[in-house]
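The structure follows.
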């Protein structure tokens, strides 16, 4: 039977395949979803299936309450976190969760990743934020929904379109974007920022953040009204 | 002549080939065995043979006292350690020994690997334990059997089915699982946990362990009675 | 239509392709240009185009004031920096800008990279210099031209033919050479020097620089009047 | 014309090709030689030729005083160091010089690499030694011959057959073996030991060396009279 979600599942599948290709996860770790805002559903990786055997048809389509709309497999155990973010962050079309090595190390040590240089400022104009550690109370309620709530809380005074990534304390990163592909790109960038920042800190534990005028310059030349980076 | 251990040797061989593929060892370092609990024998890599030239037929089948049951090559010098663990840990069907880089560094520094985050808690609910350093007396007896005894001693108050890995002080890791394949998976996971933990400690030498309520949540959602990770 | 800049664009293109091949940048980061000193133009990577889809015909030919001479795409946003260096440093025929991991970490921490050993002295006889951090004033003028000015200022008392690399504070490295190929080679060398130096400093934060007589010996045997390294 | 050194050149060539394959050097860094003790000549890599274009016929055959016996290219600039070691260390048939990342970092920081664990003890029963830093006087004489003298001096109270590797202070490692292949193997092992040791030291700057009774046990089970590792 032909699926009316074929394109969405294809997008999610392709983006999921980038996870092992880019070295962002071993084994079955990590998951990517692609969102259809008109129909308010997203396609997500099935839980615990390894990337090698994954097919586009395996993607599970769920609504924003994590009810399965199409698919025979159980969706990722992190599905409710994805749903919470799609509901709260208007304009995002894809979400990635990985346990990539350096970003996860920062999430475990849990300071935000300092904005040390222009590689970072090319992508976001503040430190990569880190959520608070979840309380025992929250864990005892609905863990995956609460992970979403934790992230949303961390973005109360932030714009998720300008800061498309977060570290969940003691856990690992989530990134997002206009599309699933862009969310994967942000996951790649985050891992590289996390690695460069950890080496920077090793060289000088007192390394100073980039001055704000340089941050704004780099961020604006790529993302501002008068951006002149790229071809569009 | 057809071997009645063909399947067991095939399993052990395939699992051994994963060691260099996964970057867990250089040259001839490391070895994997696969256990047949009914016949109380296991197939293990021959000693000092490199992975490239290894054939399924080269696997050596030995009993729990390390007597060769089938095979013309000398079994791994660590055979008695494998035998001791199969005897002591009911329900395990495969054992892996590697000198993988980060896990070996922790074994050399020899604190246990702290449970810093959920990547770790997804697999075991305590620090990766490290044995005591072997005494001169023990070394002078039967070194490889004593390595097994050292590990077993370290698990007196632990469940090897819940904590499928250990660091041998001053030496390197051993991991195990229901099958040789799962034991290799645990060796891959351990190396990644060891790497993330060493970066975490570099970022913050005082980094705190994950609170127990988060440890239990993550461990249980994958391994508890009401586990909901994966497809089974 | 046949381009009269075909060779130059081919050189620039080939050199750009080395950037991802050598692991010097992810995604679209980085750019290489090749200079034709007779015609006072250079071919450079178009802005924000990824390496996989890059063609020789995409290279943009510009003059030293960054005016496009040939090409339909927008040149790299760093074009004015390249132009400033070609104008100021006689004899260089290629420039590379990357955000390679270890060199960028040093640029962020911003001490110069100490000359710890002969691997370094084989290529340059002083620390890898780091520019001053750009002032808010300079940023508000012409950022990319000022980046060039910053580097040129750092080379007031230096010979760019003997020290073919620099760290731009808070940003990332630039390297150059007689050809675009040699500039890429210097980018590869710089990343390796940066990595070895960061491990050296990790082993001993008080590690001492190589004595000058050893620096001179190694630099001269490769680059001096009586050089005897290599075949020419 | 058929060379009477065909086999020797082939051995040296094959061993040289392992250098980039094993990730022990970038570009033209590093060199391997293979020794024919009966004819007192060795075949060595030509100076500054990159590995990709290297042919067996390019190998240069020289005598122990570094006079070219066969070959049209200039031999490695380190040829006199190789010659000095072949003359001084009886029984060695191959020498490798690399600037591999971690071993070079230790050579730059220049403490010996501590014997932290059994991976190390499986190969040598003491710290990896580091020579003294060459004096200005020695440099002004014959640099490459003096590098050999420096190493030989460091082995006055050591057995080069038991400790087949050394760090040259401020420079990089040399390794050797019964054959050129074994010398390459030792270069691979040294780089891995250097990496594990640097991570160990990062985890615990006060990490203690392996007790001598464990060192002896591991070294002897592989290299002692009653060795039982491997198949011979």
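Just a few scattered comments:
Each chain carries a letter (A, B, C and D) given by its place in the written order, and its residues are counted from 1.
Here is the rule we go by: a contact is a pair of C-beta atoms (placed from the backbone, for glycine too) under 8 Å apart; a residue touches a chain by one contact, two chains touch by 3 or more.
On a predicted model such as this, the values are computed, not experimentally measured, just so you know.
Following the contact convention of this document, no chain is adjacent to both chain C and chain D. Distance from chain B peaks, on a Cα-centroid basis, for C.
Comparing the residue numbers each copy contributes, chain A and chain B share less than half of them at their mutual interface.
The geometric centre of chain A is 46 Å away from that of chain D, both derived from CA atoms. In this assembly, the C-alpha centroid of chain B lies 33 Å from the C-alpha centroid of chain D.
The multi-chain contact residues of chain D, meaning those touching 2 or more other chains, are 202.
Every pair of chains that touch is listed here: A-B, A-C, B-D, C-D. Across the complex, chain D is touched by residues 116-119, 185, 188-189, 192, 195-197, 199-200, 202-204, 207, 210-211, 213-214, 217, 221, 228-231 of chain C. Within the complex, the chain D residues that touch chain C are 26-27, 29, 46-49, 73-74, 77, 99, 101-102, 104-111, 133-134, 136, 139-140, 143, 170-172, 198, 201-202.
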